[in-house]
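These are the structures in question, set out in turn.
Shared between the two complexes below is chain A, which pairs with chain B and chain C, respectively.
What follows is the complex of A and B.
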């Protein structure tokens, strides 16, 4: 090799199955390394659209609007020269803030100054229809040659002025055309809506407890978009004849079930979208059901690669070997177990909070109790803290909890929107 | 299957109309004879054989397309690279290999090579054994690739400089390492194919062995004197060998290192468990792959056995192994030794090459 590989893929699994065993689980860690990426030459061309909520509630308290303006200015300053960009004001409709017409401007000192100037004149009035904002962003991106297309969407409230079906339809139109990070500010945003946007558009979702956190958050999101080295990559999974894929999930840095997003390349090969990549590392949990083999037989259960422009960037093999040695076949791979727990943690939080909203106290208590237990077991202290705002923890190891009678709405939404965030297993805890 | 496809009567691989030889096994389709020994380019007189053969058809589904890493593109089954049993016979030297009773694949590879003498110049013979490390993935990919690279490299180097077997062994080990590393394919993984390496070169003056790992070479006097010592022989090293059977290699294992540092003598039983753990091997994840070299000058006739632990685990002491090695042609001897290992349990793949000293003149 003449140049360092920018991408690596590493597989973690127990390849040994008992006689008759058919389920093969593996965690594949894909890492894009900074040195290899920067040596790779010029960054791909980029386009950025910032959607900022300007509904009436943004004035209450006024810091939401003032911090949002600061955040927009910081994001604009973070854009590289030459990046195409626009700022959109979101209300019950979507309007251009900068440039004035529905097109993308090219970042330079002059346009950045004009854009920041326009942002200072934003006022809070009107309602919220997130789908309208995304539609305008989609129009702005459409036909633009930029390789990396990224959007930031900030809202402070519920998506009131359109139906859930309308939002879903808009998201279907936008899917695969650009990525979008969604953020909520204040106390009235809805976690499921933010997650829906981020999940469909391969971005991240989060809520900000204090409007003062907005500038830093906008800067981080813009910086990440500017740091993307590969615009569009997919996880390609080959599986053998007679097998079926049980699921393909991203499990780090957040849980995202990709199973239903498969695009068939051939009967043996499917691709799952992963969006753009900077210097980062993500984990995927692949679970395959294979035809049982004889003891001693060895099978390639899956070949997992990250591909961009049809070229594999990194590849890893998932194997299955049948054995009658139970010491081998009963060993549980630490990472597979860890992420199985993290995925369950995300779903029990979401299910528990939904049950709580529906007034189903027994289900909510059981699910959130299990969540507390899983967070404790895996050492996920951030999630444990969020859960402690929703339930009184009586005994964490056994998952014994009581629902808090009074919970600030935003605490439940924070627990929900962050439910998908996972932690990695600590190296020291990992057995051989 | 289309009507115009014909198959090799020897190995059943697909052959084409007008082909003289089967591309898979070398069977002569015209005269109906088995493969001739292969000759390295530019050296028509050198001959060599190896136990390697890559299956053209998947044993799982009959498919014929395989990925770089040796798995069937259709059903994912691993491609077999070697025969369950092979016998290599160049008359003056011979080798045999068997899958044994416990393993699913024969991950041992063995090769023999002959550089005939001429004009009064004695010939040179060589044997190579590579034992796939069964705890690595697709170990046979490494061992077969290593043998098939090492034997021609060894013969080429010996033809250039017949007087420097040490250099030839270093070049052969280098070729074997490159081939074993390449066998990992595009995804070496965390546990890439790995193999041991042992090779012996027998000239009219000396026996030189090179090794990486815990496969071994033994010197056995021929005939074995009735009063040959039964105690373990002295460790391998420079010098002469004569009427005492000797192990010429020192295992690159935890126990082998301890023995070299003054512990139990080399040749003692091949230990299982951590003490038997390999400390050096060939493969994509190997860092220390220069072969250990040892040269001895025999004072009388004898035989050199190059073998995998599938054989010597049952007769680790040189004297025991010598006592179990009968008189006969190299092929007969190789067969008897493989049978001995199979009869004793056949716990592992078993391979042995039998080289006479002095090598034949003609």
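What follows is the complex of A and C.
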């Protein structure tokens, strides 16, 4: 009944290198499954902080505030008994909604009722300073023994009552203390801010086109937090002497460059934080430069494992074999190629939109044209749809597009915030 | 503990912990590729020195991982002075073919060769006082020697080991500071002097316990990193030994 979480790691790569080849690319798929993950038998203890934007703009239209209240209530109802929680109202400062003092309450029918009651009395007035909200959440989590610490942040506007530096400094303080999913609602939120929060705090970022989607989104985020079976895991990468790591990226479900987050364990081993794990599957793209070997030689280019509390949960081997058979060495692994494209897709969308905002039409057209082409090639229809709201697609396969003269602000932000979302290769299309 | 074809010890039994080479034909190898095992297990696994890794070995091209080349044993520190045909130096120590070990310390062994460079070893009161002032409060008290004759040593390229003789470890330094008087703070293999291509010399600390200082420097020189010297420069090591470089 209480089976431990089962993790598997699978490698997708072309291990054959031409003579003199030095670069080894591989996609490692880590999947967590098993009954221990779903039946909350030994689920780790959890704490949840919900941050709701209560700035003045939330009242315009009024559905934003009313749906946000509903969403909070749904999230509170989704909390397991015994989970520590708090609700924070975010304006130009951060105030406790429930419990009244700056601590975490323990979820039970009584506290849940009281919390929902407090949420109904929320009013919209004031400004937006996301860093302040996160600071309060950080204070609430600090010193609490819960293993999984998760926060939800909802905003409808630009982070205008503090400087980007203040937000960045707060995020640095919070990094590694808790995970946070960020959501934007309405038409005025800024994709880069949401992605900055989610990326630093190992969560997801998204925008909601309609406030009515809020309750479902809050429920999904809370459920996921409750379903975490492993509180803190890291991707451990061993590489041989004389080699160097070119990059380590998470490439599914969203693109996240982890290269700079390496924590050295030993000169050969580094760990990259991945946050908490429920029943889910993530893909990592690891690229290593190794010293060239002679034809016929084999080398272990990387040993990739997921570790929690120093215990390896799953491990996989990335190999390199030098061959003079060009039929073998020129093949590109489908999955590696696919994710290389997806990562490029994410960056050309972001660069294209930034160029568009800066008024650089030729660059924006070129970048977004390439994005349309990549989305078409990989069958990423969600992204293709979002892009079609920003550009007029003339010919998708060749990437010929024209910038739309008038674009609703939220469409560009949606395309930006979702640019990092990737899709997997269809199993049937996959070669070796 | 498994040993890989290149001579590294490895805790993992499938692929080497150090270099990633398959061990024992690596049963796990899916390709079943024939492993072209390198013929010669390299002499010794160089201690992972803090040297810059990655630069290719001038002899065989293997990327550098420490002081010695993993494959051919080339000494990166002595590279400038080593003639290309020289056999790979064996132990971390004196070059092959050292002359007779310096006899009982004290006797000048000034068999100065053609190189024209020598060092003069003296007991240095100023350095001694500085080291005592900086020492940990609990450190063992080393007395300053009452009498210490000047000792002279000729420098013979490509390199000269400075240290204290150890019979059990087979260390026979070219510049043997065993004494009397004994400077107990000198490591057995303390530092080497390496001939430079321009005809000068450089000093390299070999990871000594108490460090090596140059010209009254307040901080010890970085280990395994050559520091070029000119005539008249002084090397301080141990509790009171100072070596002055002379070009005659």
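The working rule: the second predicted complex is superposed on the first by the 421 of 432 C-alpha atoms of A that agree within 3 Å, B and C clash if a C-alpha of one lies under 4 Å from a C-alpha of the other, contacts with A are read in each partner's own complex, and residues count from 1 in each chain.
Keep in mind that, in the parts below, a residue touches a chain if its C-beta (ideal position, glycine included) is under 8 Å from a C-beta of that chain, and two chains touch if they have at least 3 such contacts.
Just so it is clear, the model here is predicted, and its values are computed rather than measured.
Superimposing the complexes on chain A yields a three-chain arrangement in which chain B and chain C clash.
Look at A:409: by the touch rule set out above, it reaches neither chain B nor chain C.
Once the two complexes are overlaid on the shared chain, A:267 sits against chain C while remaining clear of chain B.
Looking at the shared chain after the overlay, A:164 reaches neither chain B nor chain C. In the superposition on chain A, A:315 contacts chain B only, with no contact to chain C. In the superposition on chain A, contact is made by A:10 with chain B only, not with chain C.
Annotation: chain B segment clashing with chain C after superposition, chosen from 8-16, 26-34, 62-70 or 242-250, is 62-70. Common to the chain B and chain C contact sets on chain A are residues 239-243, 268, 290, 296-301, 303, 317, 319. Those residues of chain C whose C-beta lies close enough to touch chain A in the complex are 12, 14-22, 26, 28-31, 33-36, 48, 53-54, 62-65, 70. Those residues of chain A that touch chain C in the complex are listed here as 15, 238-244, 267-268, 290-291, 294-301, 303, 317, 319, 321, 323.
For chain B in complex with chain A, the residues that touch the partner chain are 61, 67, 69, 71-78, 103-104, 137-138, 186-187, 189-190.
Taken together, the chain A residues at the contact with chain B in this complex read 9-11, 239-243, 268, 290, 293, 296-301, 303, 312, 315-317, 319.
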